[in-house]
Structure formats: C-alpha cells, structure tokens
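Two complexes, one shared chain (chain A), two partners (chain B, chain C).
Right, the complex of A and B next:
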C-alpha cells in the first residue's frame, strides 16, 4: 500500500504548482489595500467636519492597528477565506476527476479513503495557512500604517460584544495567536461542504459554484435576526465563533458549543462525501 | 468493508459533537418576577401602543381603550414603584390608568406623537419638566421621584425615541444623558423608555435602521455614562428586537431583570421590561 507521507507530499506539490495559493494571497493583499483606503477615507470624513452626529464614542484613541486587525480579519474571514478554501476543496476532488488525474492516482496501490483523507488534510493545511496569512497581514499592516495600542471593543461594533471590552496590547496579541487555529478549525465546515459537493460532481467549476452558492445562501439566512431558531443548525452562524477569544472574559462553554456544532456538520458532510467518493465509479 | 467503518466513525463523531454542543448550550431558565425587593425599586418600561393593524394605520396606534383595564391589571401585578408607559392615547387615559392603579402620574405631551407617562407608587413624582429639544424633534421628560423603599430621591429621564431616524435618536438620547449628567446633586439617575435602537451580537442590525453605525455610536455614548440594565433580558418587541431600556447610574445595582411575556393585548407589539434595582454598596 502506498504510504501517506509520499501521497501528502505529492498533493502539496500539486497545490504549490497550481498557483491557487498565490491567487489567494494576491486577493488578500488587494482586500487589505481597499480596507486601508476605506478607513482612511472614513477617518478623513469624520475629522473633516462632515460628521452628521454629535454624540459619539469615537475618538483618536479608539481606532488603532489592533482594531484594524479585528475589522480586516472579520470581513476577510467570513467572506473571503471560505471562497478560496471551497475552490481548493472542489479543485482537489472534482478537478482531478475532470482532468483524469484521479483515475491515474487510483491505479497506484492506495485506498480511496486514504486518498480522500490526504486531499482533505491538504485542504485544511491550506485553510490554516490562509487564515495565518490574513491575520499576520492584518497585524503587520495595522502596526505599520496605524500603530498598536490596547484593543478596545464597543458594544455592537462588528457584533463582537454587547458590553464595553478592553484588552491590553500584550494580552490582545496573545488572543490573536489563539484566534488563528480556532478560525482555521471553523473553516473545516465550508471545505467539507465543498468536498461533499465535489464528490457528487465531475466538474470543478460546478462543484465550486454549487458549494459557494450553498455557502452564501446559508450565510445570508444566518444573518437575518428573527431566524434565531434556525441559526444553531447553520454552520455559517458559527463561522465567527473565534470572536469570543477577543472578549475580556472568554465564555469557553459558548465557544466550545459553537466549535462542536461546526465539527458536527463537518463530520456529517465528510461522511457523506467519503461514502460517495468510495462507492462512486471512475470513468 | 473496513473503509466503510471510517464513514461510520465520522457519523458517530458528528452525533457526539451535536450532543456535546447541545449540552454546553443549556439555556438558563428565565427568572420569575417574584416580589419586589424590600430595600429596592421596581421599574417597568412598557410601550403599550399597537402596530396599528386593527386601525389599518402604518404609523402604529396608541393604547386602545379596550385594553386599559388589562394594562392596569398587569401593572398592579408587577407591584412596581416606577413605571414608564409609552404610546398612550392622551393625558386623560394616563390619569385614568393611574387612578385604577393608585399611582402618582405625570404626562409628557408630545405634539405629533403619542404621549408618554411616568407613574410612581409608594413615592411621589416632583420637579417634572420637559427638556429643551436641541436637535431632537421629540420631547424628553425629566422628573425626580422619591422612592420610599429605596429611601432616596432618584432623578429620572424618559423618552420615546424616533423609530425612523438614527440621527434624531442620537440627538434625543445624547441630550438626555447630558441632562442627567448635569443634575446638580448626587441622586441616582435613571433613563427609561422605548429608545427604538438595538445592539445585536447576532444577525444583521441594519434591517430596521437608516444608519446602523450611528445607532452603535449612540448606544456607546449612552452606556459610557449609564448601565444598560436589560442587556441580558432578551427581546422586548416584535420581531425579536430589544427596543425598551432601563439605564441606571452606578449608584444603582441591578438585582433582577425580566421581560414579562403574555401581557400583550390586541395588536400590541411590546412586552413589559421589569427591572429591580437597589442602592449599590459604596466603593
């Protein structure tokens, strides 16, 4: 039987050569440039006498590089990273089936379950690297362009908290370090969805399109306030659970519950995907 | 056959994760109202108006005459010390309600809007005045209430903020907070009413406002000075919105907060918010 390590190395080499990681990194860089521009224009407007409101908590000390990191990572994580992880999962399974590469791979003495596990593992390594790259880039841009300070979170802003929170700079940076693996873990559900869809299709484009469409539908439905009874069953409502790690007092039970829900969906989708991949016939 | 076991394991893990998430998310039982504190003050905020569905009005409707007795029964059952009733028909209706309950009453006429009333039991209202409008179109009532159980005077501000304009809510609520801060003596302060703004930590918060960020600014400004007593009590209005507030200065400590369900009549769309406070221990 073919060992896992050479198979993993082979899949990683394919990912490296596919240019998909570079496309993702370029998109992240473009996103951060636009975020910076947006914040600069906003700050310019607010301090240029055009503010329409009088009673405000915003002041010079409120916004700093750590606040920028929270904003950048939250928007990028919820809407950007799932796209790239989905594309990768769809390409690794349905793309290879489409190109005939999968058939060639299965000629080797490797079980389908092991091949599936390796492809899934590579997708998750990709997710971990992307989450790290986005978080690191946000922190770097925040430090260089804005400057660090304490992390202050006001109620309702980014829906992070409903009560004023303040983390000293050192503690905030330690919390961001925890955010990285937690966020990557929460990306498992969208990638499992893409693997599941890809297991049923022969075209990477179709697989990615359908998986992204389902993700966006769930994302929109989870955002509607009066669908709160539906929300626990939608993995898109758990995708921002890492934000709990930036609270002064972390509610570990709440965070654990959200992560377990996401893992439950992930295992369910992976189980279906594996069954289909294992029993489907390659032509 | 051996490979099928992996799928089975995935499904079992999915089920275990779901059960684990369910166990961690055990909801706390809603507190029962119970008797008021012997050394505290029970405060009720209740928008008793309706959606206007019965009268086919898009602007909502004041408390219907048929429901006055039910509202009086409800208020008597709460055994309150201070109540803020929003969207009454007129001053005569407020006085009739006060008579049914045996309460001291002050009414804030509001041209173009339905009046708001403060009712006090086991105490007296005095020094009632309407604040200068400033940037707000709607009026604000400020009064002093002598609470027998608390053994102190409390300065109370009450208003019904605009449901349509975040800019106006900003001016209205900011003006109230500033007015309470200017109060000369060290009496505890309360801000009550239907503020028509909400801070969400889940779901979209831009569906019911013309400027979600400005509402957050307003909430941040207000809660920098006063404690939001009903933060954890849940929605007070349809659909799942927390619009009614009791805000207290740090001289008061929250002992209990309950949104009482099942008291609506006809097309009413708000539940009463009941808060027990007592004097905070000096630090």
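Right, the complex of A and C next:
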C-alpha cells in the first residue's frame, strides 16, 4: 500500500487538474437543464399552457422530483457517464502513451501491473464520483424544481418495471443511496472496454471513439428483438440493472445475477487489457 | 576493474524488416561517462529503450546491474534513472509537483529541501510553482533532468540532454554531469547527435551507424592521427587532381580539404601535385581533426565500401 499511495495520489492529482471532471460536471448540468425544459414543455402541451414547474402534469403523486430523478439518472447514466468514464480511461492509458507520460512513469520503480491497477482504480473512483454527482444533481434539481412525493413507477414507461411500483418518499431516498454504488459498479464494464481498447492504441481519441462505438452498437443490438438471445451476454443489457433497487420488493437474486454477469465481462476485458499492457512495448 | 553496470551481448532489435540494432556489444563500467553517438536512425533511441525495459531485444541480451531490464524493469529503476527526449510531462502540473510525485513513486518521499536543491541545480527554482504548460522546450529538458536526479541514481541515462538548451545551460549541464560522476560516483550514459557535446564530456564514445557499432573508444583516439589540412582556391579541382594520384581526401567546407587518414602524402608532395594543375594552396596545417570531422570521414568511408 505504501508503494501504491504516491502513485495513486499522483494519478488523482492529474485527473483533478485535467479538464475532464469539469467538462463532465458541465455536461451533467446542461443535461439536467435540458431534461427540466423537456419535461416542462411536455407538461405545458398536455395542460394546454397551464403547466407549473411543480407537479406539472397527471398528479403530484405520479410525477414529482423523485420521478424526475429516476428518468434523469437513467438517461444520464446510460448516455453521459459511459462517455466521460470512457474518455478518462482512454486518456490515462492511450493518451499518456501518446504524450510520453506513460514512459516517464515506466522509468520509475513501479511494476506495470501496479501502474495498470492504479489507473483502473482512478477511473473507477471517477465513475463513482460522476454517478454520485449525477444522482445528487438529479435529486436536488428534481426535489427543488419539480417537487416532493412518493416514487411511483408504471409498467411500460422506459421499461422501469413490469408491474406497478410505489415507494414512500423516505424509502425511495434510501434506495437511491443503494443505486449509487450499484450504478458505479455497472459502469465498470464500459470503462473496462475503454481500458481494453486503450491498451492497444496510442491515441486517446481513437481509443475513446472505438470504445464508444462498440458500446453504442451493443446497445442497439441489445434493443433489437431479433438478437434477444444475445442479450444476457451483452454488458449493455445489464447496465440498467440498478433499476431493480427501485422496486417495492427487490429481487436480489436477479440483481446479483445481472451484476455478476457485468462483472464477468469486466474481468474478461480487464484481463485482456492487463495482458496487453504487461506485454506491449512502449516505443 | 570497476563493476559492469550495463552490458549488452550481440544485442539486436528489428522493427518488421527494418534492423534497428544489430550485434551490439557494449559495456559501461561504474563511474564512467559513456556517450552514444550516430546519425538519425543509427539505433541510439532503440538501444536506450531496450536498456530501460520499454522494448524487448529481438536477439542477444542486455543486462543493467546484472538484471534483465525487460523482466526486472522495476528493480532496475530502483537504481537507474532514464530521461528520454522529448520529455513526456503533464502541462497542468507544476515543476515541483512533477519532481515530488515522481521521486516518491516506489520509494519514500524526498525532503522538500532536496527538491529545492535539485530544482536550483537545473535553474528552475524560480519557476518551481509554475505549470509546465508555460515552460519552453529547454526548461522542460531541465525539468526532465531534475526528475531524473531525484532520488540520486547510481546510473543516469540521458537521451539528447543538451537538446534545446542555450550555450550557458549546456556549460552548466556539463558541470552538473561531471560533478555527479566525480563527487557522487554516478555512472552516466549519454545519447546525443551533438558530437561536440559528447567530445567535451565522455570518457568513452560509441558511434552507431545503421544499428551497429561503427567505432568506439576514447574521443581523443577516435579523432585519429594528425593529418594534413589544406585551404585552396579551388577545392573541387584539387580533389580531382589528388584523385588522379590516388590520394583520397575529405572536403572541409567549400575551400578546404583533409587528406584522408592513411594517405601517405606530405604537404610538399601535395603542393607538387596541385601547383602544376593551377591550384593555389593558401593555408595549410598538420593537425588532429575534430571528432565530427573524424567520424564524418569514417561514415563516408563506410558508405563508399561495397555492401
């Protein structure tokens, strides 16, 4: 641990000083403003121009700050966070290989495995922080701008649930606390994919582009009914597994199975990335 | 005899069909300052990368402190420091942050006073807390040297250390490197295409060409014997005339010639050949060529040899 702490501190300092966390936070803020505006416009249309920001449509027990949080987090988690986590993974490996920074680290007394583990650890800390920031911002904006109430989920809407679900506000807030680490855990698969691609390339842009393209293609493939038998094997099918935590009765076996499948993919991708990083040359 | 710090045996490295290093035998002993010189593409950087454990040899082997640098890179780096050019620094961090953080990796942290002393040594103390993005190329080179100096290594390997430095900084660098060897016993391996720089500093010089050793030895020996140098009014005509008498020579600028090593021709003989042909000798000397001139002659001679 003593050997790893200075390297970890250095990697965190580089991340903090880079523009990436601030770009991600700015994107989250912009996204939430867009979501808020979208919901308001929709409600305005539904109510014939009489919408208010609070309890905008249907009734307050259906659409409130918690519902806003669920939808905001779902879209942000699936679309925004993989982009920024992928960028971080690509920059820390392929980007530093391109700039010569990796070479500067490799001529210090540190093994490649330790260096890889620290870079991966920092990427995951970044994922955890981003997931927390997105969830926190969704809750804050939702509760302040949209309003309080119980969390109600209806079947069919964005496939959040198969049956009607209702959680009292306090319980829903506790569940969101569980959603945070679970969602961060599920982000490991796309970031492992980015690490894997980055281990083979010298360009951060190339690595991030390829990893995101694969991520999007897998998303599309998972959504096409023709490929439904493939779904269990695609990590993009498991990335929304955290939604189980918002059900009245959590099916822990189902959630555990989904998370395990995502972790298996993560381990496989990380194994390939580590093998490449350990055996690849740094010219 | 002092210990062998670096030893390569029949070292070879290929990039596909291209041979970057071929049959290289090199020994660097403790306390030596050894220079690696050669034209672009001679294999200098490849050699340093092999020694740093960044790439693997395709043939033969390399040992640093008796260890295989590819397999035992982390152990080698406990005792050795490498500074590659151009240095891969992080623009958003300050000079001090670079030195402090990199010195602590894999070791105990260094004292703040030691960091200040090292930054002062390379002339960066006044800019220690400025972000590297604001640094010139020469300042980045100095910072790379400071990073390599902490904690003090037993072996210091520098790639193009004088690149981008102003003449005063080059003199300072030379003094720093000498002091490291003389006062602290640090072994130095320097790679550069600036022969003048190596000539002034190294005990032993290895000249690479097309991945193999062209010549090696003390710079004074590599400069060769004293030779005849002539300044004439028509160097092209002079070379033609001397060539008809089987006297080979090397051009030195537009109006001067070196009679090649081994040409058993005195000044009087040369003048006897040139005067009837209408070539006037304005100036002459019998002197030792510079290292650059000597190596250029060797490279040309090698190029003239049939493959």
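The criterion applied here is as follows: the second predicted complex is superposed on the first by the 267 of 283 C-alpha atoms of A that agree within 3 Å, B and C clash if a C-alpha of one lies under 4 Å from a C-alpha of the other, contacts with A are read in each partner's own complex, and residues count from 1 in each chain.
Everything that follows uses one rule, which is that a contact is a pair of C-beta atoms (placed from the backbone, for glycine too) under 8 Å apart; a residue touches a chain by one contact, two chains touch by 3 or more.
Predicted model, so just to flag it, every value in this text is computed and none were measured.
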{"item": "Clash or fit (per the criteria above) of chain B with chain C on chain A", "value": "fit"}
{"item": "Partner chain in contact with A:274 - chain B first, chain C second, else both or neither", "value": "first"}
{"item": "First, second, both or neither for A:111, with chain B first and chain C second", "value": "both"}
{"item": "Contacts of A:226 with chain B and chain C, given as first, second, both or neither", "value": "first"}
{"item": "Chain B versus chain C as contact partner of A:6, first or second or both or neither", "value": "second"}
{"item": "Residues of chain A touched, compared between chain B and chain C (which is higher)", "value": "B"}
{"item": "First (chain B), second (chain C), both or neither touched by A:263", "value": "first"}
{"item": "Contacts of A:40 with chain B and chain C, given as first, second, both or neither", "value": "neither"}
{"item": "Which of chain B and chain C A:75 touches, first, second, both or neither", "value": "neither"}
{"item": "Chain C versus chain B - closest C-alpha approach in the superposed model, Å", "value": "9"}
{"item": "Residues of chain A that lie at the interface with chain B and also at the interface with chain C", "value": "111-112"}
{"item": "Chain A contact footprint on chain B (complex, rising order)", "value": "3-4, 6-8, 10-11, 13-15, 17-18, 20-21, 24-25, 135, 167, 170-171, 173-174, 177-178, 199-205, 207, 214-224, 228, 231, 239-241"}
{"item": "Chain B partner contacts - residues on chain A that touch it in the complex", "value": "52-58, 111-113, 154-157, 159-164, 222-228, 231-232, 237, 253-254, 256-258, 260-261, 263-268, 270-271, 274-275, 278"}
{"item": "Chain A - residues contacting chain C, complex", "value": "3, 6-7, 9-10, 13-14, 17-18, 96, 99-112, 281-283"}
{"item": "Sites on chain C touched by chain A in the complex", "value": "49, 52-56, 73-75, 77-78, 81-84, 86-90, 92-93, 97, 101-102, 104-107, 109, 147"}
